[in-house]
Every structure is written in C-alpha cells, then in structure tokens.
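See the structures that follow.
Below are two complexes that have subunit A in common, paired first with subunit B and then with subunit C.
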Partner chain A sequence: MAEPSADVLLQVNDLRVSYGDRVVLDGLSLSVRKAEIYGLLGGNGAGKSTALQALLGLLKPQSGSIDIAGVDPRDRPDLARERIAYIPENVALYDHLSAKENVSYFLSLSGGSRTTAELEAAFGAVGLARDAWGQRVAGFSKGMRQKTAIAIAILRRAPVLLMDEPTSGLDPGAAADFNALCGRLRGEGAAILVVSHDLLGVVDLADRIGFLDQGRIVAEVSAKGPERFDLRALHDRFARARPA
Partner chain B sequence: MVLLLTVAAAVASSAYYRDQGALRERMEAQANADFTQQPDRHPHRVVHFGHFAMRPPSGLAAMDPGVEPFTGVMVYLEGHRQNSANFGDARQSSLLVRFGQLSPAFVLQAVAPLLLIFLGAGMVARERERGTLRQMMLAGASGGDLMIGKMLALGAAAAVMATPAVLLVGNLGLNGQVAAITGGMMLMGYGAYLVFWVVLTVLVSALTPGARPALVLLTALWALSVVVVPRVAAEAGAGLTQLATRLENDVAIQRDLRDMGDSHDPDDPYFDAFKRTTLKQYGVARVEDLPVNYRGLLGIEGERMTASLFNRYAAQNFAAMADQSRTMDLVSAISPTVALRRLSMTTAGTDLATYRRFIDEAERYRYELVQRLNRMQAESVTFKDDAAKSNDAAAEARSRVSADNWRATPAFRFPQEPAAETAARATPSLVVILVWLALAAGFAGLAASRLQRVAR
Partner chain C sequence: MSAMTRELFFFLRLRSGIAALALLLLLGLGGVASGLLETQRQHDAIARMQPLQASDVSAISAWVSRSGDPGNAAYYTFHATWNPPSDLAFAALGLGDVAPSILRVRALGLEAQLYEGDIVNPEVAMPGRFDFAFVLIYVAPLFVILLLHDLFSAEREAGRLGVLRSTPQATARLWAPRIAVRLAGLLVALALPFLLGAFIAGTPGWKTVAVLGLIAAYLAFWALLSLAVARLGTTSIGNGMTLAALWLVLALVAPSLAHVAINTAVPLRQGAELSLLQRNAVHRAWDIPKTATMDPFFQSHPEWAGTAPVTAPFHWKWYFAFHQVGDESVATLAQQYRDGILERSRLAERLGLILPTVGVQLALHRLAETDPRAQLAYQDRIRAFHKRLRTFYYPYIFNELPFGMEDFDKAPRYAPETKQP
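Coming up: the complex of A and B.
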C-alpha cells in the first residue's frame, strides 16, 4: 500500500467491491494531489459509478482503503463529506428556489452560513451571470446548474472535488468556461477528480488521466506532457477492451 | 380544506349539541312538570302514565357523538316493561343520516390522515426522484435530520387541522363542561394518532422508490386502517357473538312472561301459590281480609318478576355486545383508528358503556318509581275500593291518592362518571395508539439510518 505524500488529498489503495460473484472494483488505486485535476476515464460498466459511491461513503468496499484529506469515509463518513464536494452529472437543485436560496439551503445542511458578500463572491468566481443569482433555477441550463453547485463547493471550502461527467451535454463554449473554472479552482489548491467516459473532454481538463477498465486502472498518463500523444492509442486499446 | 372541514364540523356540532342540551333541559322540565302536576290519582294509573329519563348531553359529544345518534338519549319509563332509549337522530331520520354525520371526530379520524398522506407521500420520495436527497446527504444532512424535518413540516399541517378541535375541547374545559383529565386524554389520543400518521407517511415516503408508489401504499394502509379493519372487526364481532334482534327478544320475552304466570288469572299456579303464601303470612283466609291491598302486592310481585326477566334479557344483550366489543378490541389492535374511536367515544361519554350505564340507571329509577307506586296502591288504597272503582264513583274517588305524592317523587338524574374512571377505561386504547406510534417511530429510526444507502 502506497503511503500518501503530504500533498496528496485523495488516495485510493487496492479498493475491491463486488456484488455477489460480480467484481466491480478489482484493486482500484489512484491518488490526486493538491492543485491537480485527475481524469478517471472509463466506459460503461468499468466501475466509475461504484468508485464514486465508495469515495462518497455511500457504499462500503470489501477491502482497500480510501483517504480523503486525512479521513477514511468508512470510519468517519460525516467528516469525509465535509472535505469533499460532489458535482453530479445532473446537478439536483430546488427548482422553486433561486440560485442564492439553493446555495444558502445546501450550506445550512452542512451547518455553515455565509454572508451575502461571500455568496456573491462565489457566484462571481464561478462566472454565474449576476442577473441569474436571484432567479429561480427552474430555467437554468446544465452549465448554470454546475456553476451553482461549484459555488456551493467553493463556499464549503472542500479541498477535494468529485465531478461526474461534468462536460457531458455542454456546448463547446460552456465546456471551455467550465474548464477555465476548474483551472482556477486548481490554482487555488483544490484536488479535483473528474470521472468521465469522454476522452477529449478529459484531455482538455485533466493533468493526469487514469484508464479504468474492469474495476482497475489499466494505464495512467500525463495529459499535458509528451505522453498525451499516446492517448489516441490508449483510447483505441481501451475502447477495444470495453464490452460491446 | 381539512381545516375548513374541522372548523365547520366543530362549529356545527357544538351548536347542535348546545341546542340539544337546551332542548333536553326543556323536555326534562316538561316531563317532570307533566308528572308532578298530575291530579289526585289511582297509583296504578300513574304507573301507566309513565315518566321520562333524559340523558344530558356530555360536553364532548360535540366533538364525538359516538353511538348516541343510534342509541338515543331518552327512555320512557312505565310499569311492566323496559324500554330502550329513543329519539336518536338515526332512529328518527332516514338511513342517510348515518352516513352524513359530520363531526370533528370523523374529520380527524378519517379525513385528516388522508390529507396528511396526500401532502406527505412525496416528501422524501420526491427528493430521491429529483436527486436532491443525495445532494442533501452529501451536503452533510443526516437521515435522521431529514426525516425529523419532514415530520415537523407535516406535523405542522396536522396541528393546523387539529386546532379547531383543540379550541373546542379547551373551550368546553374552560366552561367546566369537561374534566381536564378526560379532555386532555382525548386530545392526547388525537395528537398521538395524527403524529402516528405523520411518522408513517414520512417513513413510507423514505422507503419507497418514488412518490407514486408511496401514495398508493399509504392510501392502501389508510383504507385498511380506517375502512376495512373497523368493518372486519365489527363483522367478526357480530359473527362470533350473535346478538338477538329486537323482534327475537320481544318474542322470547313474551314467551317467558307467559310461562312466568298471569297475575290476573285466578287459576295461574304461580300466583295461586303467591296468594296462599301471602294469606298464610298475614294469617287470614281471604285477600279481602288482608291489612294491605292485595292488588298492590300483586303489582309489586309482578313488577319484581318482569323486571328480573327484562334485566336478564338486557344483561344477555349487553353481555353479547361486550363479547362483540372484546372481539373488536382484538381485531382492532391492527388498526390505530379503531383504538382512537374507542378512546374518543369513551372520553366523550358517548360510548356503549356509558349508554349501558344510562339504561341501568334509568331502569333502577323506573323500578323504584313503579314499586313505590305499587306500595302506595297496597298501603293507601283498600282492596275493596280498588275492586269496586270501575263501577262505583265513590270507591273510585277514595282509591285516588294525593297529588303531593307525585310532587314528592325525586326526578331522574343521570350521574356523570368520575373523570378518573373514564380515564382509566380510555387508557388501554391510548396505549394501543402509543404502541403504534412507537412502532412507526422505531421503523422511522431504522429507515433514517438506511437513508444514506437508499440515497445511492
């Protein structure tokens, strides 16, 4: 088992989850450092959702370990959740409330409250248009909902962010905005794990990419260095390995 | 809507029972006046003139009329027979009255839980459908916090529904019409019952995958508890213990009366033996020589015999009803609604036991009244005048006793049951409701601890 280094905020070691005879996670290991975006890439059935649920403390793995900023979610799920912010593929908000009201409500659930100035600063940081802050979120696009959810994450000051298929369904402009926002969060020291099946989207966003197949990382590459040129080959190999 | 319905029921019901109370007071005063203002009269005529025993409405009858509309509130008291109570709405009116009775009790027992279900079935389930349940869990809310929050919100709705009833009972308590312990117990029962439905609704909402299945399941549970179980309990009670119909009772009583003997038949063996015993007791050879009027003695003996016969049949009927009630109690353990109905009627003083106590008190009064008149006939009217009064005006005049006797007759008073005894009778029903509430709360606790897994 690898010892987490000081700047590793998310460490997963040899995680195993199975449902009956079906092995879903088969020794998953990965780490995300402070100020790093890690792309976990996998196809359908690779184990992405199960990995997310384990990281969020929604299921208990049969073996292996998880460390979220020094906390094991199996031992202290409540504390682990304080240190992690989750942005799902489809951000669920209360449609009858405004963006501000949604943010205030979800912050109150974690026992926190922020001033109006802090709220507005967070909205400004995520790039949500000022006139949308007081609007009911019923009419929000997926990108606006994501920005609202990230504003919550910023205000919660969670050091680790988990993002599930964040750019799926976003138009190129919104995807570029999102990537820029994640870049800013990284610059502020956040450890971001992006779970996706979209290779091109992840390449633009992540610092490192792990290829998840049959419940384990089969390859890990840097997305920014010279290795990125091998991504196409890796993707082809990965795509061939996936079940039809 | 339920608030309006409860307000309407509380206002209409309290106005109705206020009028009823005034009406019964007027009728009681009129009946007492009719009785005491009789002229000098032969005592046996007074026996057949009869009297009325009136049951004053209990204060909480406005909350829950119970069996009163079916059993009646007034008994006609006369010699040689017992009567059941009369002048119940359901006896006087068409069958529709039985289904159209709107009382605060009915609204809170049947309608309020249904509205709570409609309001609350989707409370947790819809959060799951929207995805906000997972968001809330991950934002740090615990399953317990979430469920308690939902219960408080739904509980506030229940409190609004119950407010008119609380005000009604509180007002009756402040006016001294209701003892604090019975009023408090009734409110506690309704409170626990509504909280039970609040907890059950949120529990089912937390356990089902969506709002629609939660609504279907809760509506089925409501129908089971409010409609099916009470009906099945009543049918089970009636099926296991047959209650004779009024006609069957009348026929059986007439047959027994015939077998018992006829005091007017000189050849009747029982009364022939009674006559010989009486003559022997007084040491005379003829009834004419008795120091008391033999006809009065016959009246006393005949009343004793018929009363014991009627009492026996009444006891049989009430015992059968008690058996049915016990069966219902057993079956009703699976429905908090039946337990609440029991508690509500008991604390309101409109239950079967109170009705029986009224009938027993009325019968005791009737028996004492008739026997007093029979003794008056035996002691104040001579046998000779009594025998000749039909053909002899002077004998008829002498056979009359003073009207002062009627004025001296005490009026019927139905004593209130001590509040502590009422509370003691209502306690088992309250315990059943509290057990249901505790079970629901226990399961809700388990569901809350599993909610995070369900949030997956």
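Coming up: the complex of A and C.
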C-alpha cells in the first residue's frame, strides 16, 4: 500500500476489477504527488485502460480505494471529475469549431468559463501558433490537437492530469515540446499520471515509473535530481519483475 | 454561458443539423401551403356555387311557374348543400379532398345522390394529399432519427466519448441540453409553418394548442425511441438502419397491415354499390304494377294514403313514391354501411392507442373534422335537409296543388354548421 502524504493528489490503494473470471486490476496501488509526473507503463492487456476508467469514475472497482485530491470517485464521481483533466490518446475535438471555440465549449462543459485573455494566455503557454487559435481544428495535426487539449486542462485548473499515451504518434520535435509543456505544468504543481506502453516516451517525461503487469504494479523506479533513467537497466528490471 | 446557450451555439455551427432543420421547415411550409390551397379551393368552389345556384333556381322557377306543376319543381330543382372545410382542415385534409364539399340534391331518391362522391378522384384517394399531417406523421420522424441516432455513437466514433463521459455532471450539462436543443429545433421547424397556417386560417386557440401538443408528443415518442436505440447501439450506421426499420414498421407496414385487418374484420359494401342497388330498385318500378309501389309507400306514409289514386300512365306521385320506396329498400344496407364506417373508425382509434403514427393522424383528422365521422355528420345533415325537401314538396305533389313562383322562395334552405373563420 502506498504511503499517505499531504502532497499526494492521486492515491490508489489495492484496486481490484474483474470481468467475470478475468481479473483486470489485481491490487493496483500507486500515488502521484503534487508537482510530480508518474508514468504508468504496461503492455497490451496490462490494465492501463481499466485503471484510467476507474480513476475517471466510469467503472466501479470491486474493492480498493481511490482518492483524487481528497475525493473518492466512487462516492462523488462528478466532484472527482472536476478535479481531473483527462487527455486521451487521440485528442478528438469538434472539427466544425475553431480551437478557441473548442476550448470554450469543453470549459463550459466542465462548468467553467474564462476570459479571452486567459484563453490566449493558455494557448501561448502550450505553444499553439497564434494564427491557429481561430482556425477550425479539422486540419490540425495531432500535436496541435494535444496542445489544444492541454490548454483546456490548464484553463480548467484541475490539480490532477490523466494522460493516455500522450506522445504516441508525435514526431520527436512535437514530443519534446510536449514534454517541456508537461514539465511546466509540473512546475505549477500539477500531479500528472501518464499512462503509456512506450518506455522511451515515459523515460523522457516521468519522475517515477510504475510497471503495470496483469493488473498490478510489479516494479516502481524513481529518478530524482539530475540523474535520468538508465533505459537498458529499466527494461531489464521490468522484464525480471514480470511473472513468468 | 448556460448549457442551453452553449449547445444552441454548438448546434448552430453544425451545418448538417441546420440544413436538416431548414429542409424540415420548408417541407412543413410546403405541407401547410398545399393544405391552405386545397381548403381555399373548397371555399372558392362553395362561394362560386352560391350565385350559380340562385341563377339555376331562377331559371327553373321561371319555366315551372308557367305550368305550376309541383312535380316539375321537385324534379328539376337542385338544392345545394355544402360542407365548408374547418379552420384546421388545412393541416390535415383527410377525406376532405376526396369526399365532396358540395352536394346538390333533389327531392328524388337520396341514396343514389349521396354516394356519387365516392367515385370521385380515386387517384388522389390512393396516395393521400401532401399536407402538414403528412409531413408530421411520415417525414418528421426521419428528421428526429437523423438528429438523434448518432448522439452517442458519433462521439464514440470520433474518440470524444471518453472525454465527454468524464465530464462532471455529463447528463445535466451535456446530453440533456444537447437533446433539448435538437428537439426544440425540430419543434420550431414544425410549429412555425403550422402557426403560420393557423393564423391565416383563423384556427382557434384551443385547437392550435392541441395540435402543438400533438406535435410535441409525437416528437417526444420518436425522440425516446431514437435515444433508446442510440443508447443501446454501438455504431451510427447500425443505429440509423435500426431506426429506419422501426420507422418503416411503425409508419408504413403496421398501419397498412392493420388497415387490411380492420377492413377484413369489418367488411363493408362501397357507397357506389348502395347507389346501384337503390337505382335498380327505382328502375324496377317502371316495370311492375303501380300498386306494387304505391301500396308499400302508403303503408309507410299513411298521411298520403287518402289522396287521389294514380290512374294516369305517369304521375309525379307515383314517380316520387318509387324513389322513396327505392331509398327505403336499401335503408338497412345504408345503416349497415354507416355502422360499418363507425366500427372501422372505432377499431382504428383503438389501434391509435398503441400505434402513435395512427393515433396522431386520427387525432389530427378529428380536430380538423376531416375524418369519416365528420363525413358521416355531413351526410346526416344532408339526410335531414333532404327529409325537409320531401316534407316541403309532397303536399304540393300528393294534393296536386299548383306550384308558383312564390313557392320557390318557401323551399327549405340548407344551413351548414358554422365552421368558417
């Protein structure tokens, strides 16, 4: 069980989810602190999507607990959702609306509204080119869509960000921009959970990595200070940790 | 920005949605315009008929008054009856365009005159008219399906459903306003043409409100059906096909099968057949002894039994008597025909309780007074008027009294129910 801490904004303890006889989450526990990026790494079928659905309150686990900035999504899913900004793998916006209109629309859905100056500041912060702000998003690249989604997350001021395969499909330049942006969000105090199957992408981004296999964390590593992860050592460690 | 304002703005930016509503609005306007033109044609025909009727009676009276023969007056004078379309008929023409709105009757046998309308305009009777009721009953559900079938699946297919479902209070903030805006758009697209038509036709407030209620209820039914399929279905194409099939069954197949079942359960002679039977009975009288006509006539009308006997080869007494006997010979069949129509209406009304397509259509036609019951009511008024004609002419004919110019002014005048605006 993860250690409780005042800085922890996302806490998952012994989460169990099964569909019939098939156990998908088998005692998942993890925590993400304020101003931390946590990489939840796992292969296909490891339980990443189920974990995300449970965190978003879209499914009810059979046992275990979730705490999102002081709220259990099973008891108060709407309040928990207000404290989470979710950025899916493929950011799908409304193509018939402009970037600004999309941001206003999704903000309004979440019950918030921001001034034009705040919108523009968010676009500036995520690095979306100024001439794209008023354009319909139909022609946007994946990177531009992701920047728009992160602008929404920034404007929602949610303390916890859930990102599903955020760098998948991004070119190296866009991935670097994205990582830098996440770093800035972390600097502002956000707790970010990045769910991915891409070791390389997570290594460049996360402060800690939890290896998810068969529904539970089989290993967890952290990188503090200037040192970075040793990719080969990580891979070997993950491979060793996996049950035979 | 409120949720409704946000969804309204969102919908207004959706070109396909706006195009769909614009098309429905145009179809609604077309249906109303078609109905208004038809009812105006009926009003015009009634208005044109009045001076022609007066002119006709004037010509006959000038000729008849020279001989003073009451039989000539009764035989040659047509008396106009008319059934003006109601102030809501424009919305649901029903039988209004195939059943006669004008029927000129003489004091002769009535049954043969009543059903002359049944054989008018069969090519229109088959497909039905393009009117507002048609747009509402058959076309509007397709637009409801169009706007709601992919409410969830389109979001899933676009990859947005996860984000939208993770929205706080998604039902209240997103789905309910989104559905409400689309339904409101459909309601406006249907209500605007109807209200315009109601204003032009002078439809009273209660009827207008009743029709608006029917429109809202009918849209709600199709919306619930569409949302149920949208909720259970997974793909937009699948949902669309399922709903199209349901539309086909509910709007076309089930009512048609029920129509056949009702007609089979309640077999009915056609009105034209009644006319033929009555005419046969009338024409047979020329070939049988006069006593075979006059005896049963005097039995049922003893008030004329004491009048001078018919001895001449031809006498109007005998002629009008065999017409009346002809009517009476098919009276039971005529009553069965009327009862059968009412029974079919009753069965259709019961069907309307479980089939909204049928129920709303019947309700509209009832309100518009264009249903079979309204047609029977017009027939009843004609029968009553025709009885007054016989009561007026028979004393002259059977008492062999002269019929002068001034007697034409004493003839009964038909008065329709006041329905005109």
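Quick notes
Everything that follows uses one rule, which is that the second predicted complex is superposed on the first by the 221 of 244 C-alpha atoms of A that agree within 3 Å, B and C clash if a C-alpha of one lies under 4 Å from a C-alpha of the other, contacts with A are read in each partner's own complex, and residues count from 1 in each chain.
Going forward, contacts are C-beta pairs under 8 Å (C-beta built on N, C-alpha and C of every residue); 3 or more make two chains touch, one makes a residue touch a chain.
Only a predicted model underlies this, so the values are computations on that prediction, with no experimental measurement involved.
When both complexes are overlaid on subunit A, subunit B and subunit C end up clashing with each other. Look at A:L59: by the touch rule set out above, it reaches subunit B but stays clear of subunit C. Contact with both subunit B and subunit C is seen for A:E82 once the two complexes are overlaid on the shared chain. In the superposition on chain A, A:G111 makes contact with both subunit B and subunit C.
Applying the stated contact rule after C-alpha superposition, one finds that A:Y94 touches each of subunit B and subunit C. Taken together, the two structures place residues 56-58, 78, 81-82, 84, 86, 88, 90, 92-94, 106, 109-111 of subunit A in contact with subunit B in one case and with subunit C in the other.
Residues 53, 56-59, 77-78, 81-82, 84, 86, 88, 90-94, 106-107, 109-111, 152, 156 of subunit A are the ones touching subunit B in the complex. Of all residues in subunit B, those touching subunit A in their complex are 130-132, 134-142, 145, 452-453, 455-456.
Of all residues in subunit A, only 56-58, 78-79, 81-82, 84, 86, 88, 90, 92-94, 96-97, 101, 104-106, 108-111, 113 touch subunit C in the complex they form. On subunit C, the positions that touch subunit A within their shared complex are 1, 3, 6, 10, 13-15, 158-160, 162-170, 173-174.
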